[in-house]
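Okay, got some structures for you below.
In the two complexes below, chain A is the common chain; its partner is chain B in one and chain C in the other.
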Partner chain A sequence: MTSSLRLRAGLVSIVLLAAFLGIWHLATRSTAPVATMSPEYAKLMGLTATQGKSAMPGPIDVGAKLWEHLKRPFYDNGPNDKGLGIQLGYSIARVGTGYLLAVLVAIPLGFLIGMSPLLSKALDPFIQVLKPISPLAWMPLALYTIKDSSISAIFVIFICSIWPMLLNTVFGVASVRKEWINVARTLEVGTIRRAFTVILPAAAPTILTGMRISIGIAWLVIVAAEMLVGGTGIGYFVWNEWNNLSITNVIIAILLIGVVGMLLDQILARFTRMVTFPE
Partner chain B sequence: MTDKFISIEGIAKRYPGASGATTTIFENLWLSMARGEFCCVIGHSGCGKTTVLNILAGLDAPSEGTVIVDGQSISGTSLDRAVIFQSHALLPWRTVLGNVAYAVSSKWRRWDRAKVKAHAQTFIDLVGLTGSEHKRPSELSGGMKQRVGIARALSITPKMMLMDEPFSALDALTRGTLQDEVRRICLETGQTAFMITHDVDEAIYLADKIFLMTNGPGAVLAEVVENPLPRDRGRTDLHRHPLYYALRNHIIDFLVTRSKTFTAETPDHDPRNVPMVHIGKPGLTIAASDEPRQTRIPGTSPGLTA
Partner chain C sequence: MSIFDNPFDPDRNLRAGCACGQHQSAAEHEQATALRCEPAESEEKRYEGVVASAVMRAMFPQDAARRAFLKSVGASTALAALSQFFPIKTATEVFAQTGAPEKKDLKVGFIPITCATPIIMAAPLGFYAKHGLNVEVVKTAGWAVIRDKTINKEYDAAHMLAPMPLAISLGLGANAIPFTVPAIENINGQGIVLATKHKDKRDPKDWKGMKFAIPFDYSMHNYLLRYYLAEHGLDPDTDVQLRSVPPPEMVANLRADNIDGFLAPDNICQRAIYDGVGFMHLLSKEIWDGHPCCSFAASKEFITTAPNSFAALTRAIVDATAYASKAENRKQIAEAIAPANYINAPVTVLEQVLTGTYADGLGGVKTDAKRVDFDPFPWQSFAVWMLTQMKRWGQIKGDVDYKAVAEQVYLATDTRKLMTEMGLSPPASAYKSFAVMGKTFDPAKPEDYVASFKIRKAS
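Showing the complex of A and B:
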């Protein structure tokens, strides 16, 4: 039953993809030359005018270019011409660093806040104000204080991934079932051991959900941040290719951003499943 | 009653009610238990039995009064007082073995894994869960969960067992076996037991003393019934004892009618000196004082007594 459902869903997916590619192909294919013009002018106008070719690349152009990129993902011909693998690597490294720093801060801090009603109440107004700030709004301040564009991007990732993790950790820790805490209390389990053997496993699914939201936001933000700070990374690549008017490369970058984002999400989803317990 | 191992002294529990008022679940509650005694509490749902048990465990603090265990006022939980929770309270991310082993390793922190596991396993076997060690609580039936809770409490060999309806979800056969085991362990190890139950026969089989609580709110401990059956009573010939029906009728009478009307009918009830009922003896003595008060007990006509 379920396997046949999956099979059918897969088939529908393939049909939809084929339809999308077909329509894309039809919409961007070359038509007959629209006008005759002097060769000089034609050269100036490019293929769009002379052959009726759309400026939008078709799926075949994108596919061919993508194949080219995939064959040489790590080439490096100077600052403005690096392989997509290198650019993605830079972005992933920034996201990873900022995100891990956020984990190291948010989870212990969330534990403290969640276990202490006093801290929870005292810090709440700060968190409420800081949380809705767009991470990019921190960028000028980061650039001014840190004076390094790459580290500023990492800082922006840090600041945007910290809130979902912090709030989920606080919530997860504060809402551990009283009866589980009571078990630990009747067994005279000390605070540290209780934190690791009862509160952490009980709150882990909620914490991991926060971490999953965070990685998604971090991956959204890195593209914008790299467009701002420039230099390296997939965000910079998109902006640079736009300046080069290479829509093909922009489309490829968009596709890859989606794929990497999905992979990051899937990794966290797997971790979440690992710590989730049925009740 | 010289050896008061446990003494509850004038405790009250109040919760803030609606619009600033406070709800008093019970107040001025006194009771005591001797070392090694098996006590059952009977009372209608919501009268505050679990609340008393939580206070005894140290999980909950009374609004007034104190609990004295072994001569010392308690100020929190202790490994000496194990609790079987009404809601099982198993850790769902641990297996059956993991849940019991958690208790064992909390009590004996220096034991190595193998020793903890072996010790936990004996208690899992005891409650008849051999073969289910590696199941998670979500894969167990209600009765199986209850048995894990029982194994966990027994495994730390406490001085006192606090049991909140430990056998309520079990079938008659398993219940009988576990009652026998718990009774045997309590007798062998000299554990003091405080057990909440709704099952009159269970109380009669297990208890040395039965505490009868009236309905809440404002519940009081109405009587302490001393079990006239011999300590080495057997499950099968329980009902043949000449005092069995008198005892049973007395408790059921209380539950059916007197638990509602007790407070109104007994205005001179002294919570500090709760009447001690000796079924089959013409007199009625007061639990906390030594002077017997001569009163006839309803349901114990001389004809019924041996």
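Showing the complex of A and C:
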């Protein structure tokens, strides 16, 4: 039953993909030459102008270019032109650093706040205000005060990915079932032991859900941040190719950003499953 | 033989051995010394010998030919003749005065447009290396970012719009930090591009209500477009909308019909034509022939902490600019700067911009060899003009000492010295008068100039 459902779902996915590619291909076909022009003039013009080639690349263009990139992902032609593998590596390293810093701050802090109802009420308004701020809004402030663009990028990831983790940790810690804590108290378990053996395992699924939301946000933020600070990373790649109005490369980057984002999410989903317990 | 020996000695072998101590007798040595037109006594003379040696060797790769030449015409005639082709004195000065750069590995930021040609091409064509520097040219996302990264010292020097160092030094749109312009990069090379649907609206008087994009508030583009509109009776602040848009977004916005046109740096203008979304209404050259556009800028701090690096960098830029100003080199330059590591644009587009033979977007091919040109001299009168426009459009409030600011930021004196050392001929004065759309600008009377415009922001 389940295996046949999976099979059918897979089939539908493939049909949808094929339909999407087909429509895309048809929509971006070249039309006939738009206007007659002298050959001398035509030589100076792009294909869009001379052959009515759509400004939007078709799936075949994208596929060919993607293959070209995948064949040599680690080339290095100087500071402004590196292979996609290197660019993704830079981005993942930045996200990793910013995210780990956020984990190191958010979880202990969330734990403390969650264990004190007073603090969690008092800090709530600040967290709520800081949470929805866009990464791009932080960027000028970071550049101006930190005075270093690569640290600024990491800071922006840190500041944007910290809030969901903090909130979820606070919520998870605060909503551990009172019975369990009372039982621990009756058994005269010390505060620290109580925190690690009762509260932490009980709150872990909520905390990891927060971490999963955060990694998604961190990956969203990196593209925007790198577009601004430039130099390296997949965000810079998007910007650089946009500069050349190369939509083909931009689509490839979008695809890769999606795939990497999904992988990061899957890794945390696996961790979440590991700590989930049946009640 | 050491390179410090007399290259005008026909009996000396330039390839190997040493002239002094090589002579068979004292008489022969005496005779040889007498033949020397420049005895190598002082350090400077020695340098001159080195340079002359190099020149002689380059001119006469065969030692036998050099000796024959010197024997037949005599050493002093040879030197005189040679000096006409090659400024040995100047070359010697350069050689002598080049101190070792304090910092060899430098980072220079640039925006991927053809204005940055000298800064960019100096890397692939080896101008930085020639002056003993290892420069990494880093592509940057926008003018505000390049400003911040230069202020933060992530870049040692950068490509900036010509008015930006003035604005930064004055603290407009940033904290006031003393910045300097040792060299202008390009003159001309911009254009007004309109969407193809406006091809019958060539008279600016019909442009009321249109939306135009400019790359940055503190840019020649902004001032030139405002000037052009105002000369045609439109108030740029009320009759049209001017938007600051990063250059790559301009073409996309023009295609999406969000803007009606733009005054933008080149390769963007030509790119819009290449992609069939716009046409060239006017080259910026037709507004003001010889206007500056982008500059090579560094903070005052960099100059004081690393004067030799700065001088070497400026030499490399001046050198590259001189190379770029020659029409015959333009094709090679277009190919060198087109790859993704540099401008990242189709070679055809860059070639059209640099060679000046271009498609105008209306089906015609036009030729204007001076569409873009390169001239490094930072005229202080340029700076004064920009300041008058900042004042005219309300960017500068209150009084400004035009001359003092211009002279602080635009380093005409230093650049003149460097150019002279390099054997180029810089102008004697740092001020020149020029005409913008037929109206003459007198750099000595900036206040009167500002007051003479009917359309300006009331201050």
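Here is the rule we go by: the second predicted complex is superposed on the first by the 275 of 279 C-alpha atoms of A that agree within 3 Å, B and C clash if a C-alpha of one lies under 4 Å from a C-alpha of the other, contacts with A are read in each partner's own complex, and residues count from 1 in each chain.
Just so it is clear, contacts are C-beta pairs under 8 Å (C-beta built on N, C-alpha and C of every residue); 3 or more make two chains touch, one makes a residue touch a chain.
All values derive from a computational prediction rather than experimental measurement.
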Would chain B and chain C fit next to each other on chain A once aligned, or clash?
fit
Which touches a greater number of chain A residues, chain B or chain C?
C
In the superposed arrangement, does A:263 touch chain B (first), chain C (second), both or neither?
neither
Could you look at A:64 and tell me whether it touches chain B, chain C, both or neither (first, second, both, neither)?
neither
Vertex chain A; arms to chain B and chain C (CA centroids, nearest 10 degrees)
150
Is A:239 touching anything from chain B or chain C once the two structures are fitted on A? First, second, both or neither.
second
With both complexes overlaid on chain A, does A:40 touch chain B (first), chain C (second), both or neither?
second
Now for A:277: first (chain B), second (chain C), both, or neither, which partner does it touch?
first
So, does A:182 touch the first partner chain B, the second partner chain C, both, or neither?
first
One more residue to check, A:14. First (chain B), second (chain C), both or neither?
neither
In the superposed arrangement, which partner chain does A:201 touch: chain B (first), chain C (second), both, or neither?
first
Just the number, please: smallest Cα separation between chain B and chain C in the overlaid arrangement, in Å.
51
Please give the residue numbers of chain A that touch chain B in the complex, ascending.
179-180, 182-189, 197-198, 201-202, 275, 277-279
How about chain B: which of its residues touch chain A in the complex?
57-59, 76-79, 81-83, 85, 87, 89, 91-93, 102-103, 106-107, 136-138, 156
What part of chain C is in contact with chain A in the complex they form?
112, 136-142, 144-145, 148-149, 151-154, 247-248, 251-252, 255, 271, 273-276, 339-342, 344-346, 348, 352, 357-359, 363-365
Enumerate the contact residues on chain A facing chain C in the complex.
34-35, 37-38, 40-41, 43-46, 48-49, 55, 77-81, 140, 143-144, 147-149, 227-231, 239-245
